[in-house]
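Look for subunit A in each of the two complexes below; its partner is subunit B in the first and subunit C in the second.
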Partner chain A sequence: MWTLAAEFQFSWLWVAEVLVGVALYAMLAASLNLVTGFGGMFSLGHHGFFAVGAYAAGWMASLAASVEPGSAAGWAVFAASAVFAVAASAAAGLLVGLPCLRLRGDYLAIATLAFGEIVRIVIQNTPALGGSLELNVPRLVMRPRGLAEVESFRELFLVVGVAALAVVLVVIRNIVRSAHGRAVVSVREDEIASELLGVPTTRYKVRAFVLGAAFAGLAGWYYAHYTGSIAPANFDMLVGIKILLIVVLGGLGSLTGTVLAAAVLVGLERLLQSGVFGEDLKRWMQVEYALILILVMLLRPHGLLGRFELGDLFRRRARGGRAA
Partner chain B sequence: MLVVEDLVVAYGAVVALHGVSLEAKQGEIVTLIGANGAGKSTTLRAVSGMVAPRRGSVRLDGREVGGVPAHRLVRRGLAHVPEGRRIFTGLSVRENLELGAYTVRGRAEVAARLERVLALFPRLAERIAQSGGTLSGGEQQMLAIGRAMMARPRLLLLDEPSLGLAPLLVREIFREIARINREEGTTILLVEQNAHLALSTAHRGYVLETGRVALADAAPALLESPRVRAAYLGAT
Partner chain C sequence: MSDALLEARALCKHFGGLRAVHGVDLCVDRGEIVALIGPNGAGKTTCFNCITGADVATAGDVRLGGTSVVGWPAWRVAQAGVGRTFQNIRLFKEMTVLDNVRTPAAFRAGYGLLAAVLRTRAYRASEARTEARARELLALVELEDAAGARARELPYGDQRRLEVARALMLEPRVLLLDEPAAGMNPSEKGELAELVRRIRDERGVAVLLIEHDMKFVMGLSERIYVLDHGEPIACGTPSEVRADPRVVEAYLGAPAEGAR
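This part shows the complex of A and B:
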């Protein structure tokens, strides 16, 4: 039996921090799910687009270091840096996607993996981005009329994170459900057959890939402004693996599954990290990913929800009940 | 309708077609027979835009289409049922068929096409909600052809529709192919290993040998040809 460490408190501050992490990883995983789950492209370099967005936003903010936090100018730069981050990562997505999406699946995986590493190395060698040290991202926004307390800042970012996540989820859902959504699914199912039915498969794949990159960039923007300092080490392969793990755990092609899996994984990670289960379990952190991956493969090879959404499960149950 | 001239196609260093010329006129069933590796599938792939020709020309209704991506040719009235059928096993029969109408505008038109295809293949109507992967081999072939017919093609390319099917089913499929040609007026380019059945169904035929056209004639004449009989019909 473990006893709860006495010094740990489930403070609102802690919960808000965890929820910010959940929103961040849900955004990242949803954007990867668009690429991998819906588009059928295996990308291992999603953390690279995350980094591009974070550094684009961070760099822009660093130019506005003298701006008063919470002022109109601060909010304007905050918003502009979102646009810049999304544009930069979308451009990077296009750059990687255009030549690579004609490649077979395994080559694409290798090319994207290389991209993630290249981004990190480029940042490390760019003094204007802090090199291998940290890039400070000055605080630009505050709650209107609020105090610059940790708590109020965190709450503000929780709201921002939920809003950004909502945008990402709604856009992806609309694409998948649109008239062309079936075509996206058909490309994943069989690219050659789709092409022969008149579906412009390369165009669909490039679009999904670029949009996925753009949303990862939005997550980068969010992360950079929230943490206030970013370093190349925050964007290594482990981050990419974690994003992929959430997608697999939640189910390829399931958005609600992605959010659920992000909550489970990030929540579990933070609980272990907090030492609430004692110091012994803190060490389990290191095997957590591997353990979860093995368990998923054994118990739910298609992820928690498979291709279904949470709503589908209730609907199916209701339908089954009526039929019985 | 379709004119192929001096077509050369290579996969890297492997040259699969060494200058193939053939033709399919409006309303014809033309068959392409030949041994394994003769280049039958490659010819269809070059016509439908799946591979780009290295040399030669492919003309559809008088317009050059060599090198045009496959998805564009669908709107020009071409449909290709590839080797191995490639139905969407994870989607239902209805979804498969509706994807076949990807290039068709308007709900009413799609519904009309669906009705027509289900009339051609009543077995598909019985299994409309079933997932494609649960169909039998013959039903999957019907689905693959039906899906291609959703776009109301003027030229239909069929790659070995008899592959892996029991003789009785093969005859049923070929009856349907003849019926599509008759009732829909679809021009058909049919690749087959089963030379006897193919030549009995087609109006004209080409015999392909290692990437070249060895013989070309009316189907009944090819059926009687000693060379064809010896090599492809198992007669001596």
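This part shows the complex of A and C:
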């Protein structure tokens, strides 16, 4: 039985699902890295925006339940629900950001955490969104039935996920390298100096926060359509903490590190879950997971990559190694 | 009113019962180098904070080119043409030297987030302009070779000069320097005085500076204001101020027998 399970665990079907998870968490963590890593705003409520996006997309899809999966209409609703999810979570980001961004450090963390919980409880008490039970998200682009179809469904979503992640990464990278990005980073470095050098700090903090929320909403859209059913329990505090963990593990302010950390963390989790290391290790999974994290933070206190980016390798060489 | 570039009238800043600044009048004209001196705790930096909008004055008026800037947020005062450095260096430590200087130009970027994402022609042209200006300012403060280093890696004196370059990126009409020579050795101070003069002569930027080093202040400034316990006690040319008995008293205590 163990061998059968193990064979299944490492099939392409299994790998594709793990990779979808990596893309999802990389998207979430990259969006939080914009807020926390580059903007210096400590947010523990990112799962709230993830939930808003997922439920916005799920709700819109549920209105189109009669649409034939894979038809032009299906794809249109699929795309429209992405726009709606991003808009909804951006609006939520603005709503939370305007009052909360006056707070700093620990206080901001508590306020955002409270927001995340409020979102979950509001959903639980909204019958139109399935209440505390599941909200069924109708399939719009493909309805997987047999094993072979499940495989192509996962492949399709892997492509969608990688594309969405690429968009998120490129947008964040390009913004961070622009004048607006430098303004955001300067707020992280020294808010008072930044303000006295002509940077409207509140405006930039709100912008970064809203953008981060919008991308978390995109991740929610992706998640809702992939799983086909969402429940408030999928968006609890632990999800918010896991996103933050990936950001810190990868390095605050390193997008390359975020992707790497998402791969390491999600991969590790699934490997431990799979039981390849034996049942004993599987049973103690949570403990091992925590121990590995402690170890990484002790050995690499600035995250796996610090502020390093893959692109630095090439730029450093181009400048003749003069980067001090 | 007058056509002074920067003017503070009856400026007051009270913290509860403490009168940190009380009734200070200050005026800087175009192309002037003016100093604000006084013993520790005299309220000099508080004056700077009220002028730049970092603190809100309890009473009084601050005018920049005839326009009152009282109640403006600090970023707006800065954009209107008031650049400053800090007594305790406040660089963006983890950013590169070049990025430190480029940051204050954000409000002149002239492109939005979408243009940044798409790297449009307008974006590239604006970035090229900003970088060229930043490198020119780095050359002015002799830090062009350190452009790629992180700000925190620079030696102390270089950090002070980097703050000057960063403030100049605002293209200020007046530059406020808070103890720019603190911690420098005599030869560095000489170079700094030269730099301040060049900023005024070549760029037409007026300078208001706080400094404790009397030799530095007397040699550089055209006019000096003296504060003690938050109140103005004297103002005038360096020789007038040096001869003023109230100034000597503020610095040395009781007027000594046979003092100059």
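Going forward, the second predicted complex is superposed on the first by the 292 of 324 C-alpha atoms of A that agree within 3 Å, B and C clash if a C-alpha of one lies under 4 Å from a C-alpha of the other, contacts with A are read in each partner's own complex, and residues count from 1 in each chain.
By definition in this document, a residue touches a chain if its C-beta (ideal position, glycine included) is under 8 Å from a C-beta of that chain, and two chains touch if they have at least 3 such contacts.
This structure is a prediction, so every number in the text was calculated from the model and none was measured.
Of the two partner chains, neither subunit B nor subunit C is touched by A:Arg102.
By the touch criterion defined above, A:Val171 reaches subunit C but does not reach subunit B. In the superposed model, A:Arg207 lies in contact with subunit C only, and not with subunit B.
The partner that reaches more residues of subunit A, of the two candidates subunit B and subunit C, is C. Once the two complexes are overlaid on the shared chain, A:Arg182 sits against subunit B and subunit C alike. When the two complexes are superposed on chain A, the residues of subunit A that touch both subunit B and subunit C are 182-183, 185-186, 189-190, 192-201.
Considering their complex, residues 182-183, 185-186, 189-190, 192-201 of subunit A touch subunit B.
Put simply, subunit C touches subunit A in their complex at residues 52-54, 73-76, 78-79, 83-84, 86, 90-95, 99, 102-107, 109, 111, 113, 116-119, 123, 126-127, 130, 146, 148-150, 153, 166-167, 169-170. For subunit A in complex with subunit C, the touching residues are 170-171, 174-175, 177-183, 185-186, 189-190, 192-201, 207, 211, 307, 319, 322-324. In the complex of the two chains, the subunit B residues touching subunit A come out as 48, 50, 69-71, 74-75, 79-82, 86-91, 95, 98-100, 102-103, 147-148, 151.
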